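Below you'll find a set of structures to go through.
Each of the next two complexes has chain A plus one other chain: chain B in the first, chain C in the second.
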Partner chain A sequence: MSTETPTTTEVATPAPGDAATKKTLGIGFWICIGWLLVMVFIAVFATRLPIPDPKFNFIEPGQAGPSKGPSAAHWFGTDKDARDVFARTVYGSRVSLTVGFIAIAFGMFVGGTLGILAGFFRGWIDRIFSFMFLVLLSFPSLVLAIMLTALLDRKLFTISMILGVLAVAPVGRLARATTMQYADREFVIAARSLGAKNKRIIIRELLPNVAIPMSALALLGMAVAIVAEGGLAFLGLSVERSITWGGMIQLGSDSSKTLQNQPWIAFFPIGVLFLTVFALNFAGDRVRTYFDVKEISL
Partner chain B sequence: MSELQTEMRQEHQPLLEVTDLRTHFRTERGLVRAVDGVSLTLERGKCLGIVGESGSGKTVLSRSLMGLLPSSNTVTSGSVKFEGKEILGLPSKQMRRLWGREMSMVFQNPMTSLNPLMKIGQQIAEPLNLHLDMSRADARATAERLLRDVRIPEAARRLDQYPHELSGGMRQRAMIAIALACGPTLLFADEPTTALDVTVQAQILQLIGEQRRDRNMSVVLVTHDLGVVAGHTDEIAVMYGGKLVEKAPTSVLFAHMKMPYTMSLMRSIPKLEDPSHTRLATIPGRPPDLVHPPKGCRFAPRCAYARDKCITEEPPLRQAEDPNHSYACWYPVGSPEFNQREAELNSGAVPVTLEAR
Partner chain C sequence: MAITLLFAVSALTFGAMNVLGDPLFNILGPIARDTGNPKSVKLIEKAKNDYNLDKPLPVRYGLWVSGFVRGDMGVQFSTDGQPPVTELLKERIPRTVTLLILGQLIAVLVSIPWALISASRADKFVDRLSTATTFMLVALPGFALAIILKYVFAIRLGWFPLTYRALDPLRTRLFQMLLPGFVIGLPAAAIYQRLLRTDLITTLQEDFILMARSKGVSKPRILFKHALRPSMFSFITVVGLTTGALIGGSIVVETVFRIPGIGSTLVEAVLRHDFPVVLAIVMIVATAFVLINLLIDVVYTIIDPRVHR
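Our next item is the complex of A and B:
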C-alpha cells in the first residue's frame, strides 16, 4: 500500500499492518498449516500414492511372527496381520480428516446459525436456543456419542454427524456471545437507520465480524472432533470396516505385551494423530491471538 | 380553491412535529422515564440543537424520534409527525421506507459506527443500491462524489480502504457521506463531534451546516456542549431529566437565558479571557434518577437558586417575552427572587448548600 502525503490537516492513521508494527501469524503457524496440507494431500490422493496396499498381508514364508519393525520396505513396520502400518496410517487420515471436517462444518453451520439468531433477536428465541445449548453441554459428550453410535449405524457420515451435534453447543455459544457484542455496536444501528432489513444486517454486518473468532474455533473444534473420533475408534465404535487411526491404536495396544514388543504398531498412528491435532490447535490459537490484537488497535 | 388551501397548509407544515413524546423503559428497577413529555417542531432546512448533560435523555429522544429503539422493553406515547404523517409506533417495515431516504443519523463514535470489515465505498454504495436501485458502477461513482462532497481527499482511493485506514475525522466524514447518500430531508446528528479533537470538530460542524444549506435539509444536532450549538443552530432546546426545560431561537437563548440550568451549562464552558488556573464552574450533584424523579422541578436539588416552591411544585413550560422562547422555571434568571439569591451568593451570606433529599 502506498503512503502518500496527506493533503489536509487530517492525517490518515497508518494501517496497523505497516512496516515495523506488522503482526504476523509466525513461522510456527505456517509449519502447522504445511503439516495439515500434507495430511489433506495424502488423504485425498491416498489411492494414487506409491504405497503398499493397506489391506494386503505381507506374510513371508519362513518368518517367525507376522509383525515386523520398521524397515526399508515397510517404513512404519507391519502390524499383527502383517499389514503395512505406513499405508494404513495414510489411509487412516481419510477417516479422521473427513470426520473432523464434516463434524465441525455441521457444528459451525447449525451452531453458528442458531447462535447468531439467538444473539441478534434475543428474547424468547435466545431463551430457547440457549437452553438447548445448555442441555447439549450438560450431557457427558463421550457417553452421548457412545449411546448414539450404539443406537444408530456406524457409517462415516453418521459418526461425523454425531460429533457434529456435539460441536453445536460450544460453537453456538461463541456465535451468540460474539453476535451480542457486535449487535450493540453503532454500525449495526447505523445500518438499520439507513433502512437495512434484519436479514441484510445479519448477513452483511454481523456474519463477517462473527466469522473471525469462529474461524479460530473451527480449527480447535476440528482437533477435538479428530480426538473424539480416535476415542470412539479405540472403543471399537467408529466407522466400521475402514482404517482409522483410533482403530490402529487400539490394535497396537490391545495388550501390554503388544505395546512392549511391537510398539511401532500403535506409536506411528498416535504420533501422526498427535501432530495433526497439535497443528490444528496451534494454528487455531495463533489465528485467535492474531485477530485479538487487531481488534484492540481498531 | 380548497386544493390551493391544502397546498398552502403543506407549505407551512413543519417537517417534524413532536407532541408530548414520552419514552419510558421498563427495567428491573422500575419505569425509567428517559423522555418525559417533550414537544417541539422543526421547520424544513432549519437546525435544531438539543443540549443537555449525559443522561438527560437527548440521545433517547433522537432515537425515539427516528424509531430506532428496541421495542421489547420500551413504552412510547405521544405523537411524532413527519411531513404531517404520524410515525410514532410504526412497525419497522413501514419505517424502513423513511430510514435512509427521508431521515438518517450520524453517530457519536466514528470508530464503532462503521463496519470494520467493509470497504468505505461499499458502505456508501449499499443504501444507494438498496433504496435508489443504482447499478454498481453508478453507486460507486455517486459514492466517490459524496466523499468529495464531504471533503475527503483522494476520494477514489478511499473507496477501497477499510475504516481502520482512516483517521477519526475522516471516518466521521465518511459516516456523514453514508447518512447523506440517499438525500434525506432530516438528519439526526447524535454528538457527531464528541469523539473528535477540537480542530476537527469545527470542520465537521461546518460540513454538516454546508450540506444542510446545499440540500435544504433539516438537522437535529444533539450535543452536551453549548459551545458547539451556538454557531450552528437556528434553535436550541435544553433538556434536563427527560424534559425540555428551555427552548428558544439560538440568538434569543444566548442573550436572555431564563433557566438557571442553561446558565450553569453556559458557565461551565471555560472562557478564553479567564486568567489561567481559574477554577472551572461545574454543576454540583448528578442528573436525577429517572426512575424516581424529584417531585418538583427536576433541577431543584442541584440549583443554587431553588426555593421551597421549586422542590414541591413542578414548573410548567411558559412563554418568555419572545413568543418563540419558553422555559420551565419558577424563579428564572432576572426575576427578583433570582437576583436576591444571586446577591446573597456573591456576598457569601448564604453558603451554597446542596439539597440532599
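Our next item is the complex of A and C:
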C-alpha cells in the first residue's frame, strides 16, 4: 500500500463551462440564505413568537383521540400528546442549529489549526496529525457518534462537541491540503525573505487563503452535523429532555399506525429539516463553485 | 499501514470504553456502588474475576485482542451473558451485509445509466432536473427518506411489507429488504451520479472520443465502450469510501424497518450500556472499513495500470 493515505479523494473539478461562464452566487443561493436566516430568527426568538406553548396538551373534552390534523389553531396539527406540532418544530430548530453551529465551529477551530500546522511544518508533525485524521476517519461517523454518546452524557454541549470531533478530520485534511498548496508560493517566500516569522506567515499569509475553501466546508459541515444530530435524536440518543426534530420524527413514525393515520406528526418536521439541510448544502455548494475549491473531503 | 491503523483504532475504542465508561457498574447496576454490603462485595469480586476487570488496562486489552482475533468476542454484559457476543453477531451480521450489498447494488445500477443519460445531455433540461434531484436526495437524511418511502410504498401503495420478519423464508426476506435497500441505495446513487457525470463530461471532451465519433461509432457505443471505463476511477474510490457512510445509514434503516442487523443491535447495546457488544460491533465495522479501503487500492491498480510505479 502506498504511504499516501488510502482514503484521500480528489473529487474532480466541475466541468468546464459549468461554473466558469457565470461567476455569481445566483438567486438560489440568496433564497437559501433567506431560509436559514428565518430559521435562525425563529430559533433565537422562539419564546417571544406568538405561537402556542410547545409543551401544553391541547385536549378538548368530548374528542376522540388527542391527535388532530392541521387546522387554523394548530398549523401543523397536534401530536399523540395533543401538543402543537408547529410550536414544537419552531423550538426544535434551537437544538439543531445550536448543535450544528457549535459542532462546525469546534471542527473548524481544531481541524483547521491541526491541518494548517501539519501542512506548514510537514515532517513528523504532519505524520502524527495525518494519522490522527486517518484514525478518526476509520469509523463511520454515525458509529463513532453513537459510541461516544454511549460513554458520555447527553447534554446539548456534549452532543455538539461529539459531532464537532467528527468534523475535525475532514476539515483538517482540507486545511492541510490547502496549506501545502500555498506554502511554497511566491508571496510566502517573499514574506519570509522580508524576515517574517512562522507565526506571522501562518496567520497573515496562509490563514486568509485557507479560510476561503473552509467557508464552503463550514456550510456543508453544518448540514452534516444537523443530519447527524437528527439521526441521533431519531435513535433516542441525542439531547435529553429537549424538543428535537429527530425526536419528533421518531414520535411520529414509531408505529406504522401513527404514520398511517397521523402522518403530519412526522412529515412537518421532516419537511423543515429537509429544507434546512438542503439550504445549507446548496449554499455551501454555490460558495464552493464560486471560489472554485478543487478538493472536497467530506 | 492498515495493521497500525487497526491497532490504533482498537486501542482507542477499547481505552475509551474502559476509561470513560464504568464497566463494573454496567454489569451489576447499583450493586457495584454498594461496597458496604458483604454480599455485594462478593458479587463485585466475582464479576471482576469473570470479566478480567481486576487486571490492568493493557493486559485486558491484550486479552481482548487475542480473543477477538480468534473470533471470541467475550460475553455480553447484563443479564446472564447469553448468547456470547460472537454467536449474537454471527446471526446478525449477514443481514446487515445483505442490506449493504443490496443498497450498493441498487446505487451502482441506478447511478451508471443515470450518469450516462445526464452526461450525454449535459446542461439540457433532463440534466438540470437530475442535478436538482441529486441535491434533494443528498439533503434528505436517511431516516427521513426511510419514513417517506415506507409511507408511500408500504403504507399507501402497499407494494412492500412494513417490516422485516426473521423467520420468513429466504426469498421473502430478500423481498422485505428491497425497500430498505432503496433507502440506503438512493442517496448513494445521487452521490455517484454527480461524480460520474462530471468525470464523463470531462472524458467526452478527450481526443479519443472525437476520434471514435469521426469514425462513425454510435453514441451509445461511445458512451459505454469508450467513455465509461476511463471515467470510473474516482467513482470506484467513492463507492468504497461511501460504504462507511452506508453502514451508518443502515443503523437508522434497520431501526425503521425493524431488521435485527448489527446497526440496530448497536443502538440497543448502547442503550443497555452493553460494552462488549458495542466494542465488537465498532471494531468489526472499523476493520471492514479499513479493509475495504485497502481493497479499493488494489482494484484501482487493476483498472488503471498507470498507478503502478
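The criterion applied here is as follows: the second predicted complex is superposed on the first by the 270 of 298 C-alpha atoms of A that agree within 3 Å, B and C clash if a C-alpha of one lies under 4 Å from a C-alpha of the other, contacts with A are read in each partner's own complex, and residues count from 1 in each chain.
The criterion applied here is as follows: a residue touches a chain if its C-beta (ideal position, glycine included) is under 8 Å from a C-beta of that chain, and two chains touch if they have at least 3 such contacts.
In this text, all values refer to a predicted model and were calculated from it rather than measured experimentally.
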- Message: With both complexes overlaid on chain A, does A:123 touch chain B (first), chain C (second), both or neither?
- Response: first
- Message: Quick check on the superposed pair: does A:196 touch chain B, chain C, both, or neither? Answer first, second, both or neither.
- Response: first
- Identify the partner contact of A:139: answer first if only chain B is touched, second if only chain C is, both if each is, neither if none is. second
- Classify the contacts of A:204 with the two partner chains as first (chain B alone), second (chain C alone), both, or neither. first
- Using the touch definition from the top, say if A:186 reaches chain B (first), chain C (second), both or neither. first
- What's your read, chain B or chain C touching more residues of chain A? C
- Message: Quick check on the output: what are the common chain A residues between the chain B footprint and the chain C footprint?
- Response: 6-7, 9-13, 15-16
- Message: Help me check something: in the complex, which residues belonging to chain A touch chain C?
- Response: 1-3, 6-7, 9-18, 131, 134-135, 138-144, 146-152, 223, 227, 230-231, 234-237, 246, 249, 253, 256, 259-260, 263, 266-267, 270, 273-274, 277-278, 281-282, 285
- Touching chain A in the complex, chain C uses residues 1-2, 4-6, 8-9, 12-13, 16-17, 20-21, 122-123, 135-136, 138-144, 147-148, 150-151, 154-155, 162-163, 195, 198-199, 201-202, 205, 234, 237-238, 241, 244-245, 247-249, 251-252, 255-256, 266-267, 270-271, 273, 278, 281-282, 285-286, 289-290, 293-294, 296-297
- Query: Which residues of chain B touch chain A in their complex?
  - Reply: 66, 68, 72, 92, 96-101, 103-105, 107-109, 111-118, 126-127, 130-131, 151, 153-154, 164-167, 169-170, 175, 178-179, 181-182, 199-200
- Touch list for chain A against partner chain B, complex: 4, 6-13, 15-16, 122-123, 185-187, 189-197, 200, 204-205, 208-209, 297-298
